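A, B and C are the chain letters, set down in written order, and residue numbers restart from 1 in every chain.
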């Protein structure tokens, strides 16, 4: 367990699957401003696929280094809201993360920058004077007040609930050549969990997806418009794309589709 | 008419049906910043159903308590833009509201926290030095400058145009058991106008929708994934949902669909 | 070439085709805040049609006057990211613009308020200490740090790369009566490139689109709900609309569809 305290910078990021059709995110910002007017709130993303905590975890793990040290990152993808599911905090690289305890923070807890984690319950938050807590909108009634207090430095994240040692810190990859589609972005690109480190020895320069062998290139520009290509993207993952087109539509792709590296031997 | 003055806090919320495909909301923020650089602008929602002022009113009525006292709430769902429709202000619970005079603020005027309302015309805004006013974008040319001045405290909302006494303050419900779908949220949940107060005497614990009798439960979690359920939601309304699914798609639901409480007797 | 220096006000606007499903815009804001915490960032639009720089240029040209003098406007619609395409800056009306050199800024360079332009390469940005630059996300790795430094006044935009004289400043319209659909907004309205100046002599009061002759009216309100109408919109262009309906769906409209003014003679 790290001895390093979290020093809040006043920044809060918000990540949800709430979409843009309803005032849910806006109301959370109202609650944060009521609690602590000086908070600097940045929307990370609210259009994530619904009910899929691991997609939120995929992005948080890759995005936090681009924010200021001392940022509080709140992620609410919460299909179990109102049930007895606990909540979780994590400290990673001098940043604090708050989310439902539903696997959302697992990828962060497996990262090398991980420092500490803990679980907590509503009963651990009496100091927040939350008032009525609904069973369907903890983003507004629990998480928003909590991250406002954390960003203001009026509550210490390490003091919340019970510390835990993540169970999955040592991730073993069964086969370095196998992976799957983890995220489909708004351009229709297919982001896989095959990281650049698996390409290090130059053995693999092609990927197999949907019965098609695709060369892994340096830039989108190495291919022609409309052509299928693979690339190591800006997040360090192999990504399958159609140049200026949409790979999801081309392939009828879905999350979890298998991909595999093809040996050059 | 209340004697209490509105004391602006510098916060402005924006609610529109403009969507995210065009720069309309961004330009309104530019105009606000030109007028008063210190404004704190929070997006409440811009993905509301187009041309339906009452949906915006539904949400404003339920959301304002989560913002700071002294907030100016601007809502632009304005199918009559450029016509001779007037504009309206309302003071509710120490918050100010500005909208076209098209029914958008009616639900707020029927609420217990209502303090005062008034209507005004373009000709009442000469003090704003508006320059050219287009006939198609009053959000940019009229409303944005107006709320900037109100939030800055340079114009008093009570001084705009003519005071009115809302005609519909005393809402009579013909039958406590009857209601309809008022909002369909981005999760596909169906929000009705049956409020929690109608369930107070425990006579009703079921709701009838689309020929299906549905138990009203405490949390989504009381049902299985994919099951139809009803719940008193975080806004105090009965809501019909499919657990981790989409009730709009399941039922082919539309705004205005009738619902009714089913007596347990 | 103008002698006037750009004096940054601290405002930055962001315009992209990134959509709302991914954290790409959020991460750019994190990078800006890391570089210069005092930046005032306003989203102009992130839902623009993908891979179409000219649509971004259409909107930037019409929107910048609504922002504060000294604003830095960053637009990233960048199908050539990672290729050898250069980047471009322009000074227009006391505002600075940054974009890929792919035609996005052409409309601005043809405007009467144009002051100066220049192109630059990654190699011109060594003073930024950019670290690793990916080949797929220059918005995050290049443009966000750059506009933070420009808005902070720590780099002078005129000093970037090589000045250029825009080649297309004198735009000649082959036939004043001809135009095309330039933008389809989220309401389904069709915005054309026929500007209000072409209607000045009162010769044209009708427009031909999809074999239909449509009267150009003053407001949407001059027509009935559901009726096709044309109007000079709030951006000074002739726009084809269905009153409280969707012209894109009605006509099956697409970008580039031809329109022409019909003489009243």
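Note that contacts are C-beta pairs under 8 Å (C-beta built on N, C-alpha and C of every residue); 3 or more make two chains touch, one makes a residue touch a chain.
The model shown is predicted, which means the values in this text are computed figures rather than measured ones.
Copies chain A and chain B of the same chain sequence form an interface built mainly from non-equivalent positions, shared numbers / all numbers used being under half. Taking only C-alpha atoms, you rotate chain A by 120 degrees to land it on chain C; that is to the nearest 5.
The distance from the centre of chain A to the centre of chain B, with each centre set as the mean of the Cα atoms, comes to 32 Å. Counting partner chains per residue, chain B has residues 20 touching two or more of them.
On the side of chain A, the complex with chain B involves touching residues 18-27, 29-31, 33-34, 37, 50-51, 79-84, 134-137, 140-141. Listing the residues of chain B that touch chain A in their complex gives 11, 13, 15, 20, 40, 42-48, 59, 63, 66-68, 71, 183, 185-187, 218-221, 231, 233-234, 239, 244.
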